[in-house]
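Here the chain labels run A, B, C and D in written order, and each chain numbers its own residues starting at 1.
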Amino acid sequence: MSDVAVVGWAQTPSVRLARESEVQLLVPTVAQALARANLDRREIGFTCAGSCDYLTGGPFAFVSNLEAAGAWPPIAESHVEMDGAWAMYEAWVRLQHGDIDTALVFGSGKSSPSQPAEVWAQQLDPYYLAPLGVDPVSLAGIQARALLDAGKATERDFAEVAVRSRHNAVDNPNAQVKGDASVDALLAEPYVRAPLRKHDLPPISDGAVAVVLARGDRARQLCERPAWIRGLDHRIEVHQPGMRDLTASPSTTLAARKAGYDGGPLDVIELSATFSPQELILREALGLDAGANVNPSGGALAANPVMATGLIRIVEVAQRIASGAADRGLAHATGGQVLQHNLVCMLEGE
Amino acid sequence: MSDAKKETLVMEHLVSLRYEEELTPILERYVDALIDGRIVGHKCPQCGRVFVPGKGYCPMCVVETTERDEVEVADTGTVTGFTIITPVAYYGQEETEPFVYASVLLDGADSTLGGQDVVGIPHDQIHSGLRVRAVWRPKEKRSGNAVTNRGWGSVASVIDAFEPTGEPDMDRAKFEEHIF
Amino acid sequence: MAERCAIVGVGQTHHKKRRDDVSIPGLLREAALRALEDAECTFADIDAVVIGKAPDAFEGIVQPELFLAEALGGAGKPMLRVHTAGSVGGTTVIVGAHLVQSRIHQRVLAVAWEKQSEGNAQWGLAGGRSRGIGAGGAFAPWIRAYIEQTGAPEYIGWQVAVKDRLNALKNPYAHLHLPDISIEKVKESAMLWDPLRFLESCPSSDGACAVVLTDEAGGKRAPKPAAWIEATAVRSELGVFPGRNPVRPQAGVECAHDVYRQAGISVPRQEIDVAELYVPFSWYEPMWLEGHDIAGPGEGWKMVESGDTEITGSFPVNPSGGVLSSNPIGASGMLRFAEAALQVRGLAGEHQVDGVRTALAQAYGGGAQYFAMGVLRSEPS
Amino acid sequence: MSRVTTSTLEFPYSRTVGPIVGAFLAGLREHRIVGARGADRKVFFPPLEYDPNTGEALTDLVEVGPQATVVSWTWVDEPTSKHPLDRPFAFALVQPDGADTAMVHAVDAGNIDAMSTGMRVQPRWRDEPRNRIDDLACWEPLA
């Protein structure tokens, strides 16, 4: 494999309601990512974007986002109807050919205009599930119950994940839900979808993220300490929630193994656990011990701009490597509901 | 029951999703001006092109534009291209008669307003180069409700249509870059 | 240096106005299983799945590949969902090829589909709003401009419409089989969007297409001839901006030049034996012949007029019947690559063009602003 | 005062469901529930045209239920207009007797205290079937 590194990045703060349109969130974000990599947009060899028409609010919504990339003169460009982390996957694959050495990737989403519970209910099997209005929070509740019933966790464990996330997010200017809370106080709150309480749920967020990738020596020229992608893989599982074990994430385990994760020490881990029980499932899937440095940014419980959340995890790891604060990290992204599709990216300093 | 009859049925499924969004601050200023009878856009500080409504950036140069780049354009302009659409019936289609779908380049602007109606002239006399002016709604009936953050209805619910000014046609060379 | 990539399996559904005999997974499986059978392999042999389709709102399912991946044996594998408007079928093949060329995977299944009859494309193209103009309404002014600029006679559009429908009679999978098609019938059909008549426009179809992509070793040991992917390129440009030339979009010019360069083609008209171009409205055939520099300015319509683009002509275009005969939107771009592959493999059956060694595949989308192109060859260079 | 723009993306989709989902929905009309048997005798419920783990075709339909067991569940205190019931209910993984997998559906248990993992439920049928999954209106605790 060619050595490809993250050499530029930027993200908007995640907010409950951004007054800017999705493109307006992207334009300065892309500009900042390019500036950090000291690149002009015309030098970019390949561009790939991730977004979701139905989240933005209409067919072909992604077409407007081309304006953020600067599509004049024409550019070599592609788009995935997936989180930006998969857009980065496509760009990373493209860079392996060896004929170009830079790529621009972005992911964006505004959840504020819609009722996410209604939008994502239409993401499920159209014959058996979508007509019932099965919403993501209910599915996460079923998953959480399965975890409790299996004796793998307690509601207190869920709350502890949330408390850590909010605590970590205090130092993250881009996070939305932050502050110190006590586990007991959180557990005194009512259920939203028993056994899940509000703290177990992600916020509804608007936001965007951009990444610049470069290959080999070009990366070294553009960045003092590139965050090298040592491995990148993703795996999808069976869709019907009743046809797989919701308390485990074998696709994460497999993706991590294929991405070269050998169980060795990690300085930083960023997980797209959009519901607190999922952090416990992912920790187990990756074999992380209790002391692992998981989600120093606060993770998806602190900020969840859907379609950007996964790529933000990669940025959070990459920037810690670039700054020298970390040498080796793992970033995880997820797609679909209750951890159906999982991506693992291994990043390292020189 | 392996002899189950494998008939294939039709399942109806209504998907109905509602989106509600505050207009961007740029569009809010734009709509306020529109209701006031003025059409404003953003002039790119780099290339000088004027986009109506302003986007907050120049899509060609990809540089940000702000209120400081706001300029007013005229409510007169030129039809640069058009199609007469025979409406196809579909769920939500309200049109039943052939309608005009014209691009209008306002004087002072570099972007065209798409999908405009042209009135006061038979459909078969509409042509590129036709000089037109906005038909404004009475002030009390202007709402800006049809303006969206994703480019639809950029003047609808304030300006219903354009009508011929009676001036001679614009020379094609003057709008060659704005036909589409 | 990238790994070589070959198409060793091609499958497609019978395209129809409404495939009321199948579910959406059933539709995809029909194409995928035919591609696997052609490649003489099974789902178990596939490393990764790439799925493409046009907007989700056409069927009203958000990211439908999440429930469809497993219908394609995708569980436990990487799955990517591509969406680049009408060009998506082409982009899906290209993304699949990249997975092989990068040496990440050895065998990839790429599937593109649309089940238009579940919803309504006019509604979808209008973003669910009133006053929709359809693709024809969007493209008609550009077609008019082409006619004005080149002085092409109006029968050129009719001629393409007839040619593609006659070709479709040789393609058992095509949606439209119109044995009594004629110039008179086309010219007497209803004017939909001046200058476009009903029979100069594509149908709305349910359908899917699939290809199995593999590496050099896989291509060489394939049981049937392989189609070698010699070049691929994608280009995108803004849909509306001052100075844009949508009649000859720059993205299309650059995309074509990119694939010609990669394939070492200097005179496309002579060095390409057959082309499958995305022609949803008849006039797009001469427009793309010029827009991709196969014909010089104003020469594209003359190629049509002289019969060069007929299946027996010197530069056959869309021997499959093209988009004018089958249009499952998301799959339409992949069908161009699939049909080009069948041609270089010599497996196109009744619509096989004699002696094809090099084929061009092209798809476009959005406001003629997204392009995906490829050059396929019967032998690796 | 900020200006708000609203839109509704609405369409009545018409789905042809194919042989397996079709047989399942046809069964519901007759108050019968079917699953699909795989190569290893495993019965998938709800029935799919393929084994989701391998992609192999499934054609062998077998009757399951009608009694079933709740495998996992969550409680919906405030149903929305898109939910199948207009009073508090559970979304649950429901596995009919004879099936090896479960599907997500609504359980009308009245209140959360009536819910438990492992509880037994039975189908409640819609009076006028319309070829949809909610012809099986919901599940209810076994009387």
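The rule is simple: contacts are C-beta pairs under 8 Å (C-beta built on N, C-alpha and C of every residue); 3 or more make two chains touch, one makes a residue touch a chain.
The structure displayed is predicted, hence computed values, not measured ones.
More C-beta pairs touch across the A-C interface than across any other pair of chains. With every chain reduced to the mean of its CA atoms, the largest distance from chain B is reached by D.
The distance from the centre of chain A to the centre of chain B, each centre being the mean of the chain's C-alpha atoms, comes to 36 Å. In whole angstrom, the spacing between the mean C-alpha positions of chain A and chain D is 30. Rounded to whole angstrom, the centroid-to-centroid distance between chain B and chain D, based on C-alpha atoms, equals 45 Å. For chain A, residues touching at least two other chains, in rising order: 19, 54, 57-58, 67, 72, 115, 118-119, 122, 126-127, 130-131, 238-239.
Listed for chain D are residues 2, 7-11, 13-21, 48, 52-53, 132, each touching two or more other chains.
For chain C, the set of residues that touch two or more other chains comprises 20-24, 57, 59-60, 70, 74-76, 120, 123, 127-129, 238, 241.
On chain C, the positions that touch chain B within their shared complex are 20-23, 60, 120, 122-123, 126-134, 137, 140-142, 145, 192-194, 238, 240-244, 246. Listing the residues of chain B that touch chain C in their complex gives 8, 10, 13, 15, 49, 59-60, 81-88, 90-95, 99, 101, 110-112, 114-115, 152, 177-180.
Residues 19, 54, 57-58, 115, 117-118, 121, 126-129, 131-135, 138-146, 149, 191-196, 238-243, 246 of chain A touch chain D in their complex. Against chain B, in their complex, chain A makes its touches with residues 17, 19-21, 23-24, 27-28, 30-31, 41, 54, 56-58, 61, 64, 67-68, 70, 72, 110, 112-115, 118-119, 122, 126-127, 130-131. Interface residues of chain D, counted against chain B in their complex, comprise 2-23, 25-27, 34, 59-63, 130-132.
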